[in-house]
Amino acid sequence: MASIYQSLKEEAFEANMQIPAQHLAIYTWGNVSAFDKSKSVFAIKPSGVPYPELSVENMVVVDLDGKKIEGSLNPSSDTLTHCVLYREFAVKDGIEMRGIVHTHSTYAVAWAQAMRPIPLFGTTHADHVQTEIPCTPYLSEEMVKKNYELETGNAIVQHFCNLKYNPAEVNMVLVGGHGPFAWGKTPSYAVYNAAVLEEVSKMASITLQVNPGATPLPEYIIDKHYLRKHGPNAYYGQ
Amino acid sequence: MASIYQSLKEEAFEANMQIPAQHLAIYTWGNVSAFDKSKSVFAIKPSGVPYPELSVENMVVVDLDGKKIEGSLNPSSDTLTHCVLYREFAVKDGIEMRGIVHTHSTYAVAWAQAMRPIPLFGTTHADHVQTEIPCTPYLSEEMVKKNYELETGNAIVQHFCNLKYNPAEVNMVLVGGHGPFAWGKTPSYAVYNAAVLEEVSKMASITLQVNPGATPLPEYIIDKHYLRKHGPNAYYGQ
Amino acid sequence: MASIYQSLKEEAFEANMQIPAQHLAIYTWGNVSAFDKSKSVFAIKPSGVPYPELSVENMVVVDLDGKKIEGSLNPSSDTLTHCVLYREFAVKDGIEMRGIVHTHSTYAVAWAQAMRPIPLFGTTHADHVQTEIPCTPYLSEEMVKKNYELETGNAIVQHFCNLKYNPAEVNMVLVGGHGPFAWGKTPSYAVYNAAVLEEVSKMASITLQVNPGATPLPEYIIDKHYLRKHGPNAYYGQ
Amino acid sequence: MASIYQSLKEEAFEANMQIPAQHLAIYTWGNVSAFDKSKSVFAIKPSGVPYPELSVENMVVVDLDGKKIEGSLNPSSDTLTHCVLYREFAVKDGIEMRGIVHTHSTYAVAWAQAMRPIPLFGTTHADHVQTEIPCTPYLSEEMVKKNYELETGNAIVQHFCNLKYNPAEVNMVLVGGHGPFAWGKTPSYAVYNAAVLEEVSKMASITLQVNPGATPLPEYIIDKHYLRKHGPNAYYGQ
């Protein structure tokens, strides 16, 4: 008999397979989850399993406290970070957010290691996000010792709160010293955002190399690019 | 019954498929058009459609005001930029120019974000263009608010006018803060020029990294390289 | 009749084929060995043979003095370096270490040429190693003239001794002016570590480019990341 | 009836096809020749023909003055540079040199554009060449106007003479502002050297980025690495 989470696990599996396809991680260094708000559960990659060994069947279903609901393997060690983001952003803030992805993509990690938010240098960035890509400070020693993965989620939420960023609009972040998280309306769109972040990270590093004094794009161009793709008057696409 | 624009749409389709093949954009981030001067129309990529879903049939045919002539999908959101360039360069200046391409290729975007024209450092560049690759200033707020895509075309035309560059010879440009446009005698040759621009951008960034004081190629070598490939005494090729 | 080293040669062959698969070397620029502690021998790539011409049959079996035990070809010219590392780390120190790999992967070589240990900038690094990736000083002229490959092994051992690094935990090193060596519990895990080193090297170089004043990850985050993957309380994986 | 140059054309064709296979040029930006000293001719790529359209049949055979001996297409526009190098190095100096390659590979071109010889930073370089990779000054205006391609060859020969470099040992060079040439005992080995040059160029640029004060490898390590691969006491390979 098919699992009642069958389609959720299928979505999680397909989105996880996009990580190697889009060159966003080597070996096992990334994970995607697929969230079902009505059931308060998400399906996520099992921990430490290489992408070629993934299947719909070995996706793990957990609830919003990270408790395993279905599956024989351990869920991703980052599961509690996903829990916090779904609880705070999708449930509490009511944002349409059915997928979260974490990778160790090369250029995004480099910016996270540099502890620098990614400046908004151009329209490739502005097409997707109207702000710098935020970078959280290091977690405190207390947070790391208490519950590292859960506090990683809290650090993201707190940083968005401090910056007054709306996670429905800013759907990617660098965890300082660690790497990128991204999310989206669907798991597949979350991976798209992770790929955007990697490309924007690479473009920004080359921009700085070519012109160390490069300045951000003017606000009125940012708004134009963002709004032609997003919001009620968007006219990009079909 | 076949469209009277069938062969134009085929050319547009094939040139658009060269964008991912030459690694000039990820996802949907680029578009090529194919122009028929005798009919005053061009075929262009539909907006926001991923390359694997493109077909000859879903190419969109528009006139030089951007009005849709044939096709069920919306044309690229950059259509009016193409309109301006065909009107000004191909029709008014009489330049042989049957293709235009816009991409978000990584290194060319980085130079555009750096707001720097690409210096003419070597013969790879001089084989194709005898000048720096120009980079337009940011569009003014007024231009952005009036008609962004049309004014992007005007900004390119105005910049060429200011620099006294001949678009028959300088067939590529960076739009400051945005990214590259290139054109050519055929749609396929336009994509070739976009690939040249990306490679020249990458070479120039590494040149500067290795020698921040790198100087331009002497004029007499530029002329030699350009003229052995272009003009009445060219002797490169068959 | 099958060789008594058949399975050892198979392991060596498969791990060597991972070098081009993981883009860790071009042409013949890398080698992996597979060690059998009970027999005091290891199987290693033959010298100068391109990867497409490798086979289980042409793997060379040598003892811990580098003397050929089985095989018609010459073993890798780096064989004596492998001998020293197995003798010192696997036999004398009793470390579980059944594979060693040497490559000329691009970014790791660049750091080795820069004569700089790789700073521990982020969690991708800390997931694998709790220290900087060490970089040995140049070998002295005397060492080079005496027995270069053997002394390369001695230089690594001496450097670990000076730094009080445990080779069971720090399983990768840069030989100054030369390139990376890595090892692991199995030959395949040694290649994994070589791939980690290359990725960490690339991330670190971009980190420095983006922020020349980048600082190391705090100790408490290093410990957390390392210990969630290693040691008695590890909870990563299955 | 088969051409008496059949095997020479086969060698030239196969070596030319290695250029795209080793990612040493895009489109038509590179050429290899195969030399037959006994017949004083070489086979070379036809000018401006994309690699997928190359065949054994369309290779062009020329003599050492660049006069076409066989073939229906025009030979590479760089043919006279090849002529000079074969005449001076292979015939006059008596060096065993049956292949020459010219490419526009990205990192080697960047160093040529930077007008800097590539410092000998590490053993990857020393395994192949015991000196910096030389970079010629710009050709004078007079040389460019007289016979550009022939004078490019003369500039290389003159630069080797000035530096007292032996082209049997230093088998690669950067033409300042232009790009790399490499040669070897066979056409295939010439392409190998071009690939070595590209990889060494990339490693050197990253080395400088990571440590702008990086210093050359000590002489005694250079000699050791070069001599274990070359000369009467070489012990690398089979």
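Going in written order, the chains are labelled A, B, C and D, and every chain counts its residues from 1.
Here is the rule we go by: a contact is a pair of C-beta atoms (placed from the backbone, for glycine too) under 8 Å apart; a residue touches a chain by one contact, two chains touch by 3 or more.
Because the structure is a prediction, the values reported are computed rather than measured.
*Asks:* Which angle of rotation, from 0 to 180°, maps the CA atoms of chain B onto the equivalent atoms of chain D, to the nearest 5?
*Replies:* 90
*Asks:* Same or different interface residues for chain A and chain B, judged by whether over half of the residue numbers are used by both?
*Replies:* Both copies touch with mostly different residues.
*Asks:* If we define chain centres by averaging CA atoms, which chain lands farthest from chain D? Would you check?
*Replies:* A
*Asks:* Roughly how far is chain C from chain D, going centre to centre by Cα mean, in whole Å?
*Replies:* Centres of chain C and chain D (C-alpha means) sit 33 Å apart.
*Asks:* Distance-wise, how many Å sit between the C-alpha centres of chain A and chain D, to the nearest whole number?
*Replies:* Each chain's C-alpha centroid was found; their separation is 47 Å.
*Asks:* In chain B, which residues are in touch with two or more of the other chains?
*Replies:* Residues 204, 209.
*Asks:* Who touches whom among the chains?
*Replies:* Applying the touch rule to all chain pairs gives A-B, A-C, B-D, C-D.
*Asks:* Touching chain B in the complex: which residues of chain D?
*Replies:* Listed in rising order, the residues of chain D that touch chain B are 26-27, 29, 46-49, 73-74, 77, 104, 106-107, 109-116, 138-139, 141, 144-145, 148, 177-179, 204-205, 208-209.
*Asks:* If we count contacts the way the header does, which residues on chain B are in touch with chain D in the complex?
*Replies:* 22, 121-124, 192, 195, 199, 202-204, 206-207, 209-211, 214-215, 217-218, 220-221, 224, 228, 235-238
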